[in-house]
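Dropping the structures in below, format is structure tokens.
The following pair of complexes shares a single chain, subunit A, combined with subunit B in the former and subunit C in the latter.
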Partner chain A sequence: MLMNWGGRLPVNVTDSSKINQMQLSKSLLSGFKLLLNGLLTLTVVFCFTTLILLIAGAPPLAAYYHIFKGSLGSWITFGHVVKTWIPLTLCSTGLIYTFRIGLWNIGVEGQIMMGAVFSTAMLRWGADWNQPFGVIGLAYGAGISGGAMWAIIAGFLKTKGGVNEIFAGLGLNFVAQGLILWLIFGPWRRPGVASMSGTEPFPYELWLSNWPGLRIAPAGLALAIGAIFLTALILKYTRIGLNLKAIGNNAQAARLFGLNPKHHMLLAMLFAGGLAGLAGNIQVTGIYHRLLPAISSNYGYLALMVVMLANYNIWAAPLVAFFFACLNVGSIQLPMALRLDSSLSGVIQGSLVLATLAVQAWRVKRNK
Partner chain B sequence: MLNTNEDETMRIELQDIHKYYGPVRANNGVSLTIASGEIHGILGENGAGKSTLMKILSGFIHATKGTILIDACPVKFENPAQASLMGIGMLYQDPLDFPFLTVLDNFMLGLTDGLSVQADQFRNQLNELSASFGFQVNPDIPVQRLTIGERQQLEILRLLGLGIEVLVLDEPTTGISAVQKQLLFQALKKLAADGKSVILVSHKLEDVEALCDRVTVLRYGAVTGAMESPFDTGMLLKMMFGAPPSQPLRKAAQSGSSVLEMKQVYASGGRSGLKDCSITFRQGEMIGLAGLEGSGQGVFLRVASGMQKPALGEISLRGARIKGGAFPAFRQAGAAFLPASRLEEGLIPGLTLTEHYALQNKSSKFLIPWAQAYQQAQKCINLFRIKGQPQTFVQTLSGGNQQRLLLSFLPDKPKLLLLENPTRGLDLESAHWVWQRLCNYADRKVCIVFASSELDEILMVANRVLVFFDGSIIKDVKADETDADELGRAIAGKCD
Partner chain C sequence: MPTLHFIATTMISDLNLTILFASVIAGAAPVVIAAIGETITEKAGIINLSLDGTILLSAMTAFAVAYETDSLLLGFGAAGIVGACVAGIVALFSIYLGQSQVAVGFVLTLMCRDLAYFLGNPYSRLQGPQASPLPLPFLKEIPFLGTVFCNHNLPVYLSLALIFISWQYIYRTSYGLKLRSVGENPEASFVRGINPRKIQLTYALCGGFLVGISGAVFSLAIKPGWGRPQGAEGVGWIALALVIFGGWHPIRAAAGAYFFSFLQVIGIHAQTWLPNAPAQVFQVAPFPLMIFTLVLMHLAQKEAVLNWTEEKAWLRTLIRMFSGTAPQSLGKTEISN
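And now, the complex of A and B:
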């Protein structure tokens, strides 16, 4: 599936000294318009969410306050936000590659799961080697390969078999989920009781070390931030970045420039799957310390929304991911405080994306 | 709502119509009036803005500025259905019908209410209408088995069935036989005699002169003049081109070694695919591919350039066998391809000129030499006189500038240039410039193969002409041993 970005991507200014006064004021104007779009979108979302809250019979202001307090109100909750932000950002960063070449990598959810499965397998295998650092290191590799492998399957189905990557990815998500359930209730079940609470926790020395108090793994944070910068560099300065963009905008013409769309699609899937697999690894080693049925926490689907909302921009994606993480963590408080379901965060996130797309479409239509 | 009763006559006025596509001004303040019962010609060369104007009139696109008046009452069409409800129907260059349905089904579409199908009633209506114009269309065969001319006849009958008062025809004589053309002209004259208006859009002087009562000439999106029948050909030409058309650029073929050889190549694609194609092209040849659009020229060019894999057959480049569809190998061997649809197949919308040159520049494997690409962009902008900046997005360039940009990507020392409609949609000056550049290549003994829908253009530059019909090459002649008449007959499938 190919998408046309039109003029929505930011102008690639290769030589800043060449910008003259007119272009500067032009870009200021377009920046102002973007800000206006954002404000308009937020207003729409705010009104919609407030309406839902009123229908549910909850005081809206109190709900917003609890979301804020539950996410940024203390260092503990802030730690939870960062913990959510890390896998979300890793997945979003990976999705930027696939979106850039025009692929809808819905399979990212399954890729997280396979990253988690492969990591768990590695940790279980190496549990009695007495080499905790080596095993954790190998588990990173295993997680990345697991996610990448799952993505490559979808990629091959697309490039060799002509299967739409959305359906391939969706199908593989179910397969991955089934595999996890089978492992938890079959070969990897807890001695005596197999339950939805997952496998036996790993020995403590195989846990990713945390900052005391905050429960954030520094290694995970470093990897997420590293992924953002590396991706930005790759997209801007390397052939791969330009090639992905060229093929994503017009695969037919890209062939005339000597590019091979199929190879690049596989490459983009490899990046996306690898980063999703890494997210799965961190879910296992850094947060739950075992394999759970819900190990992906829907971060894959959430990351798709993050990237769309960030307008496929690598610098905006981490910010949106942070906002989404705040909503997710903050709404955990709602059931207790206001007897509201915590799915409110999902309502806000979903309506944000819809409202953004609607405002964009409206702008495009008005500009015609 | 206006009354579109049969007895009423309609007078259409276009006032100061503007249509901009980004910086391109397709229509720039066009005003004209069409009285009922008249056959009005809209004359102009390719890209003069004729089709744009008619698409605005028929509700297919919206004007940027300007008013349409029907019987002095301003109207605004949101879509073609509204226009045809008001009595304006358009016959497009490519028939917009449903190839798999029968003639009768196509006729009934849009006429029935969809609940009760009174096929017999419509069959009678179709037969009556068809007989009154001397058309012979069999209601029960699928439309895909009709010729272009017959599909056109069906479309006219369908529009009349809808009760239209104004019939707009966009280049209706392209691709139909001489007999069908005669039939068409008779039908149009009959319509005008019945009080309906006919608007004929054409770049062919002879058609306009043979048929029209009145002609409006467009050039660069604006009206350059109008004339009543009888016409002064010299004046019309001057209004169309500003200056008399240029002289032939054709050069005698130099014979050299074989560049491209095909043996019994078959391929799918287009309307007709490519059937049993065996051909040899040599150095220094300038070969024009004639034929109706979709008769196999496009597939031929794509197979010859390695963009498409043939189903069967052998291809050799410069004497060596090459695997079909292996585009990089074709490129290596010196073949270059320029597709007709510039923004769809040739350029990448959303990328700047610099980014295009960066893609083109293969000097480093991993990092992009941005500074080098920027300089190259600037150099080519000057050299190829492209109206744009290195940081301009290609989709905002005008058609002519897009074509110049594409030409600037051609390799310096190609062996074989394959060009699909290289001057389509260009104004005369740009087209001339394109041919001058291409002739430079020909001087260096590069073999140039180009498809064109304009016989005049082919006869102007090519020294060898191939005519495609229904996927096969049915004629292969030297350009100085043939003429437009003979080629025209071949294009319509008549080869003697």
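And now, the complex of A and C:
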């Protein structure tokens, strides 16, 4: 090395293969450790959930069996899983942008709701135009802009008003929930009875078309998959993606480099809000065909956990989202089959994220 | 808020100012206790974001324990321990594992809520024990003030006493000074011979205990019983907002709790006076107000704004009312020790 200091480094065939071998064994080792961590996490979560089930006086194995059968047991239940996966994935991909720049966009829940509200408004407005395709198309735009608007408000409160995005987002979530309740019981109430069952369903032409039997809207599925690839592309290959990462890692240095953190925060919020708004749109046009008080189904909060468990990785997020969707759909069987509350899925999901955080941190500590 | 609904519905027929204020004091009790508990935790530099779930889980525990043992005291104790345990998890993850308090607290919020619904399922819609009214002898005879302050049950008195005690403790004792110093500058405290980790863990547990008690106040006094939904949903977020609204000061946080309790009671009345007024406006009122307060607090720290308000006396008082700063080390993890 020293002899060649001035010139080119010698590229020796045997040397490089040695390095490759070393790298391979190193990556194998780290892969093995990763597997071990995963197994440890799963064991902890399994023990915890089993303990909770035993405390509740329920047969643990039967509960797990019903969750599995209720999610992947038949084509119909699988359809329900995909229906849950679509909005969850859309929100998760959106959150990747905001997490990348270091924002905790907890307002994603309200952004779904506003997407749903704006889509409903568009569909109600255009119901008698006799242009179903045009109206559905406009409703997509309305939903995306509704979610994006709600996110931008939180973004401005953060950048201009100095309000922490967590509290701004939370506040806006409750405001959006209040707005939906007011609409359902006020201006958009059903003729006759206003109730928690929501607004009057839209005319059939305005429903997103489904695959027969499965009740999955192909348009929604395509949009979700498209969002994953587009996000991966933007984050990996465009300047915006690089900038978001740079600011998220070190805002001070990025500013000195000539990047404007505030503009990029607003941009990230715009992406996240738009995707959440799209999820809200699909909830309205593809699944419920009306506006409900619980239109967001907690998918926003759940998506935050998905992204955390996926370690903020765009390719892992859809897989985690699928697993979470299975848990959500499968646990619906629990009240009927075992007289248990369906919230078991939330307990499993939460303990999974906590155990992962703990195992990761523990490993980092030990390696120090 | 659904929590106040039952109090208010009993008094819709006649709007008596005395009863109105008494119901404001009673309805705000659990929120006051939770907000003060969270203020104490945040003063030490730990954000316990899990309040909403913790309150539900402790409310469920309180009811289940009180139902099984027929002892209110055990119910309150168990709820406090549950609250302390959840806060302890947040603190341990932050202090010893260096994980984000916000992330852990958020996951715990959702998980505790689901755990409460899951484990509380067998206890839903059961008739259980509840705190009985305990009017203070002689004091309750005082006109107006007697009914407003001295004609409640024990948890309500506790909430009133706690405001004063917590203020005294934080600002008038050496323990309180240590608590605040750790929250402001853990490194400097360490140099002065204080163990920041121990202090943070201790006050996270204390604050969590109070949050747990506030859950018990719901299921054993204010809105007796357990169910899905219990009616305490969303209260944890309001308490978190109130800590900020109060500028991390226990008395101002409590004042905020009474203000919002008042808004909600008035809101229920407004519904009867103006049937067309959307009730939802009053239910979500705390949240836009919280955001507004946060913006004002931000503006109050800007020199340009201070100069601008120099000649406008009312603006200056308004801004001064809302100024307050968070403990400097709030939310930071891994204190060098």
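Heads up, the rule we're going with is that the second predicted complex is superposed on the first by the 346 of 368 C-alpha atoms of A that agree within 3 Å, B and C clash if a C-alpha of one lies under 4 Å from a C-alpha of the other, contacts with A are read in each partner's own complex, and residues count from 1 in each chain.
Rule of thumb we're sticking to: a contact is a pair of C-beta atoms (placed from the backbone, for glycine too) under 8 Å apart; a residue touches a chain by one contact, two chains touch by 3 or more.
Here the structure is a predicted model, which is why all the values come from computation and not from measurement.
Subunit A is touched at more residues by one of its partners, and among subunit B and subunit C that partner is C. Once the two complexes are laid over each other on the shared chain, residue contacts for A:Ile332 go to neither subunit B nor subunit C.
By the touch criterion stated above, A:Leu138 is placed in contact with neither subunit B nor subunit C. Of the two partner chains placed by the overlay, only subunit B lies in contact with A:Ala254; subunit C stays clear of it. Within the superposed three-chain model, A:Leu340 lies in touch with subunit C and out of touch with subunit B [touch as defined at top]. By the touch criterion defined above, A:Asn164 lies against subunit C but remains apart from subunit B after alignment on the C-alpha atoms of chain A.
When the two complexes are overlaid on their common chain A, residue A:Arg239 makes contact with subunit B while staying clear of subunit C. Residues of subunit B touching subunit A in their complex: 307, 327-328, 331, 337, 339, 343-352, 354-356, 358-360, 362, 364-368, 370-371, 373-374, 390-391, 393, 395, 409. Looking at the complex, you find that subunit A touches subunit C at residues 52, 55-57, 104, 106, 157, 161-164, 166-168, 170-172, 174-175, 177-179, 181-182, 185-186, 301-302, 304-305, 308, 339-341, 343-347, 349-351, 353-354, 357-358, 361-362, 364-365.
Residue ranges of subunit C in contact with subunit A, taken from their complex: 49, 89, 93, 97-99, 102-104, 106-108, 110-111, 113-115, 117-122, 228, 234, 237, 240-241, 244, 278, 280-281, 283-284, 287-288, 290-291, 294-295, 297-299, 301. Considering their complex, residues 4-7, 9, 11-15, 18, 237-239, 241-243, 245-246, 249-250, 252-259 of subunit A touch subunit B.
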